[in-house]
């Protein structure tokens, strides 16, 4: 059994990791680190776990675990790894944004591979250190990469995406207060969301001459889970051409599928799937891409990466029952 | 125009008061006191007010206003009145729970009248100081008082009520975090809610020998506004008898009505109404009572009391458009 | 008192009209027509009205009312007016889309004026027949018209808007079923929504040479009320220039205001307001426009038009308490 | 692999069964019967299944499947079994209420065992025909049975429970319309819910002299999944006594657990768990019992019963990731 350590154990992504790992047939939680909760049962924080397991948070790490998941706020992974030492054999998967960009990917001699399996499955299989993609970044890249590979992103790309309140993390804030968010809608960081960096990087990895603008409006929806992204850009071919191209690009993908019909968000909630739909209007191709922000957008993809890094079936432990309702 | 001062201007009940007063034909806001927001436009906090008025929070009070609304956390009205002096002619309406009980009603020579118009309209008309009832307390009393007046509360009273998230106030908390509350349900303080004091007091005011238990379960619903209360107790008569009794009790009520059909909460949201429905099953009378917790349960009733205290029509400024959807 | 007749009395827009008219100081409901509900109390259908009034639906019309509101499904206003005759003095306000376009505006010798007060207040004042704008159309036009007046719409216009479930009307449907819509998100009619006709028409009325594409994505949100629209297009000036232009355009508007801060939908819910925010990013101007789809987007604007047509203050009966929470 | 047939394949409980069975290691869907959808992909109806499987609805049954799940409206299981014949070896699990009561349990020579594993695991293991309990009935029985076994239900039992909109099934209805249900609350069938029959039956099975009233208020919450039930009755012992009794009763239960802290509904959503909490106030024991109405309250328990009937581990295929948010 793969021995797993989790750092930042009280947050949403750690909670989701724990929910996945307790049913994973090849991995086992070795420790869950949370200084503020040390000594408490996991189920005091992740309260759906009542009855599921007897396991306490700890404030000491086991430096010899097989794999370490960093579930920390952005910028804190670097700080944690500076302060703590692990075995040379310990693989690391960072769920934050500390190592996602080329400029950041080498740290203390460790090189982090960007962990989007649909983009670089083989590199991940060989990696010891993986930077797990951001949630918006995952949904948007999966919508754009087939076009990039075909060098067809030659005009402005218009993106509107909505995320659920879990996207804002566990901290209490005005915009995650129930009375504010209930039946409400808003946006933030118009055109300047921090995930644009990794999106541009991956697009350029496939289409070296990409020089267009990505105009991305990130919105806050009044739901808890999921990202619903619509993307459009110029496309000369027929929708069937686009569909064929996307299906070819995702023919080996275990979790990303091209859907025939218009999508709605709950088709992917509580799964590790990404569903993509293609529609043509005039000269524009409309690409819809939906994921669960906490699973394919975070902890599910992290387990997917772990599976690849340890030579397991990519889908191991990720055959999840969709909530749907 | 009645000159109004509001203390605690950044909270929910103050916000609702402001929303009511800007359309009230006989009253005018003189100042809105909030030390933390002094100098800011009201619309920075109560953001629906953008375009409606140009008015700033202040940290100084005008001691000569005609009426003062105290919109403070429980216990803070006493503190505020100890630290600030107002004209002898200034009437005071306290929305907190500092002066609701007989034991608390006299403060510095001022006697607070319990401000439930359906119970003591005449006393309110003559009062200079009014203690505005609690939200759960309003819904439940309006469900019980006709039985109490008829001396028919002679057995255990079973109450289950659900309140929206605004009932918890503006403070950020775990149970008002969107990701927790969305699609969730829970209770708190089972059988021990603080409003039981004023409920028992009013029941005994009408039925002096009342000695039964009131078993009250307060629940948190995943909605923002409103209280839905179901109450049952033994009742020997027919449902028509109960209906006749309730209609007689509320024949002069401006906001409390007996409904023929089963109720649902949104019938009263964003109104000052209380709707009551009566149903008989076996020997039990089932009484359903619904209000908007911020209006009939707080600021709407406070304006109703102001109207009475100043000799206005009770409904002045309270002809509100229901949200309904 | 203006005598009002309402046709299609059981629908959402009729319900909102009734809620407005019962508090309108200068208008009075003369009849509410609904063949399927004739003889029933209004409060059997619009159940928040319990206690508010004693008034029955009818299946006969009074042909001599002062004003008739048609609250029918699209296409049914023509049918109704073909089958029923009213006095020459009866003014008509159609809330459907039968008479909004130039090609449709003359019917049986009656000429319908497009009823967007911010665009043509004076024409409405003189009109006997008004075509009330669509909900999306209202939000979007109010976001675009100042630019059109300045002949500055010279590039593609990108619009993403989200509407609440009341936008789909009272009919039960798969996408308004609670279990589907709750915590969900989706779109419909991408780039082909029927309101594009009236939007283009009004833009061209101000900017005769307008020839750009309006790319409009209409989305379904999991809330009941409101439209949140974001619009962006090329704009060379500074954001302050845009703000000055919008404030000038709306200086006489009673319900449309330019807001300084980012908007969220609940700022306008249950009001007749439109709030607009302007933001500049690179060469793009981002315009946010929000309304309550049932009020400024339907029944509230219909009353606003009635006020103008009858020489009343535009705001009469529309000083509504925002729900906000 | 156990060959499974599902009747009524387009409904909610069938959808949940399919979601469970596609990940069940020992069972395999042989056919999914739905006359109205015959020939369509399952994913056209259960749209989260896009990408998960290639499988069509059928309008013909395979009479030799190992187990048949009846997911039909109440009363239709009898009709279906009268019209269709299956092998003597085909086990049947009925999710409707046709065979739950003693008076109904024998049909065409088949005897249906009431399928609540916590009550009669051994009988289910030997059964060929199982009547799966109702959703409210499951939550309430699991809250009451330990007291019944100890013969301690000797006074009125007061129950208030809230169910999500999926409890009302797939049919479109006024009370499951989004605009009605959103942010709303209501009840139905006060004190007369049809599940009282099976609840009383199970209680009497353990406490033969049970003769008290069960006063059950069923409520509609504005959420999609789950049942939150509070129950109270007289209890002389300490809360620790109650806890010990419940823990003993459920010591072999795989899905029912006694929790130390107050509960909230989302602790069990998308799991097959029942969580129970005990609290003492005065002479009353307050029992809280929560389940997912579609899983432990329907399809999850049906799979649990299948596992028992086929000699599998009770938990097989039911190690579900909670949604939690």
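So that you can tell them apart, the chains are marked A, B, C and D in the order they are listed, and the count of residues begins at 1 in each.
We adopt the following convention: a contact is a pair of C-beta atoms (placed from the backbone, for glycine too) under 8 Å apart; a residue touches a chain by one contact, two chains touch by 3 or more.
In this text the structure is predicted, and so the values were computed from the model without any measurement.
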item: Per Cα centroids, the chain farthest from chain A; value: B
item: Between the pairs B-C and A-B, the one where more C-beta pairs touch; value: B-C
item: Rounded Å distance, chain B centre to chain C centre (Cα mean); value: 34
item: Centre-of-Cα separation between chain C and chain A, whole angstrom; value: 40
item: Mean-CA-position distance for chain B and chain A (Å); value: 46
item: Contacts with 2+ other chains: residues of chain A; value: 12, 164, 166, 179-180, 182-183, 222-225, 264, 266, 269, 325
item: Touch list for chain D against partner chain C, complex; value: 12, 164-166, 170, 172-174, 176-183, 222-224
item: Sites on chain A touched by chain D in the complex; value: 12, 15, 19-20, 22-23, 44, 46-51, 164, 166, 182-183, 224-225, 255, 257, 259, 261, 264, 266-271, 273, 275, 294, 319-325
item: Partner chain A, residues of chain C touching it in the complex; value: 158, 160, 162, 164, 175, 179-180, 182-188, 190-192, 213, 215, 217, 221-226, 228, 230, 232, 262-266, 269, 279, 281-282, 284, 286, 288, 325
